[in-house]
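Two complexes, one shared chain (subunit A), two partners (subunit B, subunit C).
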Partner chain A sequence: MNVRTPTTVAPGETRARSPLYWRYAVEPFVYLSPAVILITLVMLVPLVVGISYSFQSIAILNPLKTGWVGFDNYAALWSDGKFWTALGNTLWWTVASVTLQFGLGLGLALLLNRHFHFRRIVQALVFLPWAVPTFLSALTWAWLFNPVIGPIPHWLAALGILAEPENILGDPDLAMWGPIAANVWFGIPFFAITLLAALQSIPGDLYEAAEMDGASAWQCFTKITLPFLAPMIAITVMLRTIWIANFADLIFVMTGGGPANATQILSSYVFTTAFRKLDFGYASAIAVALLGLLLVYAAILLKIRQKFVKI
Partner chain B sequence: MTTRSSPLLSAARYLALALYLGFALFPLYWLLKIALTPDQLIYTEGTRMLPTLTTLENFRTVVFQTPFLSYFRNSLVVSLGTAAVTTLIAAGAGYAFSRFRFRGKKLIIGLMLVTQMFPLLMIIAPIYKMVAALGMLNSLTSLIIVYTAFNIPFATFLMQSFFDGIPRDLEEAAMMDGCTRFQALRKVVFPLTLPGLGATLGFVFTAAWSELLFALMLINSNETMTFPVGLLTFVSKFSVDWGQMMAAGVLALIPSCIFFIFIQRYLVQGLTSGAVKG
Partner chain C sequence: MARMELRNVRKSYGSVEVLRDIDLDIDDGEFIVLVGPSGCGKSTLLRMIAGLEPISGGDFLIDGERMNDVRPRDRDIAMVFQSYALYPHMDVARNMGFSMEIRGAPAEERARRVAEAARTLGLDTLLQRLPKELSGGQRQRVAMGRAIIRDPRAFLFDEPLSNLDAALRVEMRLEIARLHQRLGTTMIYVTHDQVEALTLADRIVVLDGGDIQQVGSPLDLYERPANRFVARFIGSPTMNVVPATGAAGGVRLADGARIALPHLGDAGNAVELGIRPEHIDVVGAGAGDLEATAELVEHLGSDTNVYAQVDGLGPMMVRVHGNIAARAGDRLGLKIQARNAHVFAADGTALRRAERSA
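Up next, the complex of A and B:
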């Protein structure tokens, strides 16, 4: 009957070791494992498969030439003028969108972080663009820029910015501003919401103390608000930059990359190559190039972040 | 923060808010205007601020003569499911990143960042093959799983930054008093992260609500089609029914709006509780 007595481990020993072991090796993974497993299966494994495509020729229109081709796709990329144009456009599109979204989003968050009448309803309304499906916002903005059915060209002409009410989406020099405007409209709430939430976690007594010491509003902003926001700013700006660089939906619906590739960014080029030319190998090579560039960007930003944020 | 401010400054503030409101709402107004304009006037009155005639015909057609209600239900199931599951998983992961130092942490964070850095187009073919091999094409569950994975990295970083903002002393005190870490998390930390959870839920919900590409690839039966794919059915090869499409778009905004208004409470909570003290 005395079966359950023999234990394999000396009790004293485990009791001394196990909490430490538990704390440093096991416990974090209890919280982490669902995330890690899901991401690995649904994103990382397919990513590896996707990267392997870039070393193959998988052109559906040219089925005789399938197979491993080494770095051929990348060599073709190097001498592809459209790739370099798209790279330049990606830079312009990303920098302009992120800067405007962040600046305006921070402004909005600061405005909303105080009491005024109808605050709740105003907040709900200004955040609304984020809830609009991308496809729909792209169409709406395409309408707004069309002089036949939208008011914007007429306003711009009245302000003297345009000589006549033309569709800027058809003008290679100006076309990029169309998707950028839509993107800023769509993206302001993102920064406003995350920054507002961060603002709300700043203890109010800090401002009281600063005020008692006679700090000006500007000093409060640079000495209290910004440092507290810094971790959130770092992470949101970095992620948002990466997303926007990859974000082709607006461009694809509004201009299709045209006119004359004036709005073709790398990720829309991936899309056209994959689904118009059905050349999956080459499309993968473009995507890998974009991934490489974004990795470098993130590495630089994380280094900078380490200097300023103590996490 | 109720600081004394000059009337000029607060006037400027209200003006700025009004500009933001105008910018945010005007495109939506235009959407609504097109949805309410009778078909024959869409082009002739294209740039008028107010249409001379309005009609609910487009809405009626969309609701009663197209399978839109079913698209809606599907989208709602997918978005709510994704938002709930993602937030739960991301809260765990964000908590681990915020509170523990462990081997492999940097590697995992790095890999999570990598998942954000390539066009999702790149993995669409491999994912399609996997889902097809599992026999899960045309199922809403597969969409929820895929969307959850896509949204976890950002949601995790977001939750981490919210946990970072909560002093460790609070849960350490609770653990001193005999709580396990999980109890401390549930009873002490969880109520404090409600605004963070609300924000995360909102982001994930809207992301899932408007995702088009994967819904298009993984679903092609009418019964499990989600709303954005359904919207595409209005762009047929021969004609685009703008009025109906915009009407459907307006209807599609309703759940997002309700959801946003719902999470407002949690976003605002932090502010109001701070203000009562100050």
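Up next, the complex of A and C:
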């Protein structure tokens, strides 16, 4: 396509306008079109379809009642005790997982940023959990928590944390800790690697200047390291929160949402509603509610980031 | 106020010895400039004094107190980095007041001291800016302000002006000279720039190959270099050095010319003659010590540089004060100002002048 070929223009008509118009108003969109079309097809269309489902009744087991129902699904959601339980569980699951992953990941990144022998090998090994398929890690962790074949209940009992070596995955009060432990193990590398990259980009002479200025190690950390990591922390915590809130694989494999919905989070509730009960309308309504909550969360975090991040 | 002593200070990285047996006494309030070729260990020495680099051997004392194992923050020394190392996420005021913030000084006192330092450095209107919103010269001032505000017992500078353009460099050089005059604090300054070294220093320390080559006042180094290295390193343009054979009362050059050097007691073991471009006079062909052809003549206005090819000796540079009529291709006679000539022995050491060794 050669957009600069002069088009034939009638005498007296302006000749300058149309190529310029082409170049600044139309041409960019021509180049953007493949991406725009692709994004529309793979992201926007499913989104719109999903949202529209939430206003319909689409239950395979109840084919006669298919059709638009307005806000009925949302009204049902409002009075659905299981939804509120799942929402509470989602909060607990997400906050605990992100906090532990971030805290331990940051610690690991700080350790890996020091000089020691075999540093490269250790850095590579740290990344390993990230490379293990979720399904496999979920199964492994489920076995680890199983007192018949796994050591963890026995260790916990020996430490006095558990009264006896029982399976915490079967205890409604404790079951959530199982998937959280697996998730933390799985997610630490992400934080460790991204934060390590950010740490390595901090100029070393800033620490030397701070040391000359009299700063202690802790002051160096709070006044230099943290402000420098802040942009990376904001973005990774946001991404991981959204990802973890939606991340039902571990829970699904380890507990299936049980016992007694004690580990049911919104996304696993969506999954069971859609594929066990085959009620796509209601499942879509739950998904849209989750989407709305995450959007609000992301907006708040971006606002905070704007305020605190100066670099 | 600080008197510093370095006693046989050494530094090695693994098996590589970067500095050996550095012995140096720095008086209270003295302005010391460290010069030397790239990689000779100037920064390393400065960083060892700052405490940022461990000392491999020997003793370093400030006011008689051994500092080898004292942390940088407890040495009470301020340093201005070549990169300035300003904290990019803090505005100018906070950058300058950071050391006081660390010590938990009250906010009013901090603001007062920052304002005071900002006024002397002409930064008053920039206090709320971030470093990235400043020009190179302004950043340099902030870096100096951060050091001044601490009122330390010594200042260290590692090539602080090397990122500035020529005009700004001159201005900041004067600023540093004024600062030293006003505060009278001990300063150690690393530079590549001859002019900075010669104008700022009370004493210059010339480093090469991990050793101190010579310590002395700028004039000392210029007039009485201890060896061939210092002779060629200090002074611009560089000193001409030509092969020579020692003889009683003077030297004989390769082209057969005899240069009488009455001020040297004995030039018997001389192997080279050194003469600065400004210590050679251009005379008519046949009237000088050496015969030469001008290859290139540069008229600088105040001076004239003549790049001459000396018969039987090779190239030599001559700098004449004022303008002379010589042009490329002209035959010239060169007259060496014997009292300003230097002779070097085979190991590079300069033969002492009679008036000093006697």
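Structural remarks
Operating definition for what follows: the second predicted complex is superposed on the first by the 271 of 311 C-alpha atoms of A that agree within 3 Å, B and C clash if a C-alpha of one lies under 4 Å from a C-alpha of the other, contacts with A are read in each partner's own complex, and residues count from 1 in each chain.
The rule is simple: contacts are C-beta pairs under 8 Å (C-beta built on N, C-alpha and C of every residue); 3 or more make two chains touch, one makes a residue touch a chain.
Fair warning: this is a prediction, and the values are worked out from it, not measured in the lab.
Superposition of the two structures on subunit A leaves subunit B and subunit C fitting side by side, clash-free.
With both structures placed on the common chain, the touch criterion links A:A142 to neither subunit B nor subunit C. Of the two partner chains placed by superposition, only subunit C is touched by A:Q219; subunit B is not. Of the two partner chains placed by the overlay, subunit B and subunit C both lie in contact with A:E211. In the superposed model, A:L108 makes contact with subunit B only, not with subunit C.
Legend: residue contacts after superposition of the two complexes on their common chain; A:A86 is shown touching neither subunit B nor subunit C.
For the three-chain arrangement built by superposition, the Cα-centre angle with subunit A at its corner and subunit B and subunit C at its ends equals 70°, in steps of 10.
When both complexes are overlaid on chain A, the residue A:A262 reaches neither subunit B nor subunit C.
Of the two partner chains placed by the overlay, only subunit B lies in contact with A:A287; subunit C stays clear of it. Taking subunit A as the reference, the larger set of touched residues comes from B, when subunit B and subunit C are compared.
In the superposition on chain A, contact is made by A:G50 with subunit B only, not with subunit C.
By the document's definition of touching, neither partner reaches A:A96: not subunit B, not subunit C. Between subunit B and subunit C, the shortest distance over C-alpha atoms in the superposed arrangement works out to 8 Å.
Applying the stated touch rule to the two superposed structures, the overlap between the subunit B and subunit C interfaces on subunit A comprises residues 203, 205, 208, 211, 311.
Within the complex formed with subunit B, the residues of subunit A that make contact are 23-25, 27-32, 34-36, 38-39, 41-47, 49-50, 53, 104, 107-108, 111, 113-116, 119-120, 122-137, 139-141, 143-144, 146-151, 154, 185, 188-190, 193-194, 196-198, 200-201, 203-205, 207-208, 211, 217, 231-232, 235, 239, 242-243, 246, 248-249, 266-267, 270-271, 274, 280, 283-284, 287-288, 290-291, 294-295, 298, 311.
In the complex of the two chains, the subunit A residues touching subunit C come out as 203, 205-206, 208-216, 219, 223-224, 227-228, 310-311. Contact residues on subunit B toward subunit A in their complex (touch as defined above): 1-3, 13-14, 16-17, 20-21, 23-25, 27-28, 30-31, 34, 42-43, 46-47, 49, 89-90, 92-93, 95-97, 100-103, 105, 108, 111-123, 125-127, 130, 145-146, 148-150, 152-154, 156-158, 161-162, 164-165, 181, 195-196, 199, 202-203, 206, 209-210, 212, 227-228, 231-232, 245, 249, 252-253, 256-257, 259-261, 264, 267-268, 270-271, 274-275, 277-278.
Here subunit C touches subunit A in the complex through residues 50-52, 71-73, 77-79, 81, 83, 85-89, 98-99, 102-103, 130, 146, 150, going by the rule given at the top.
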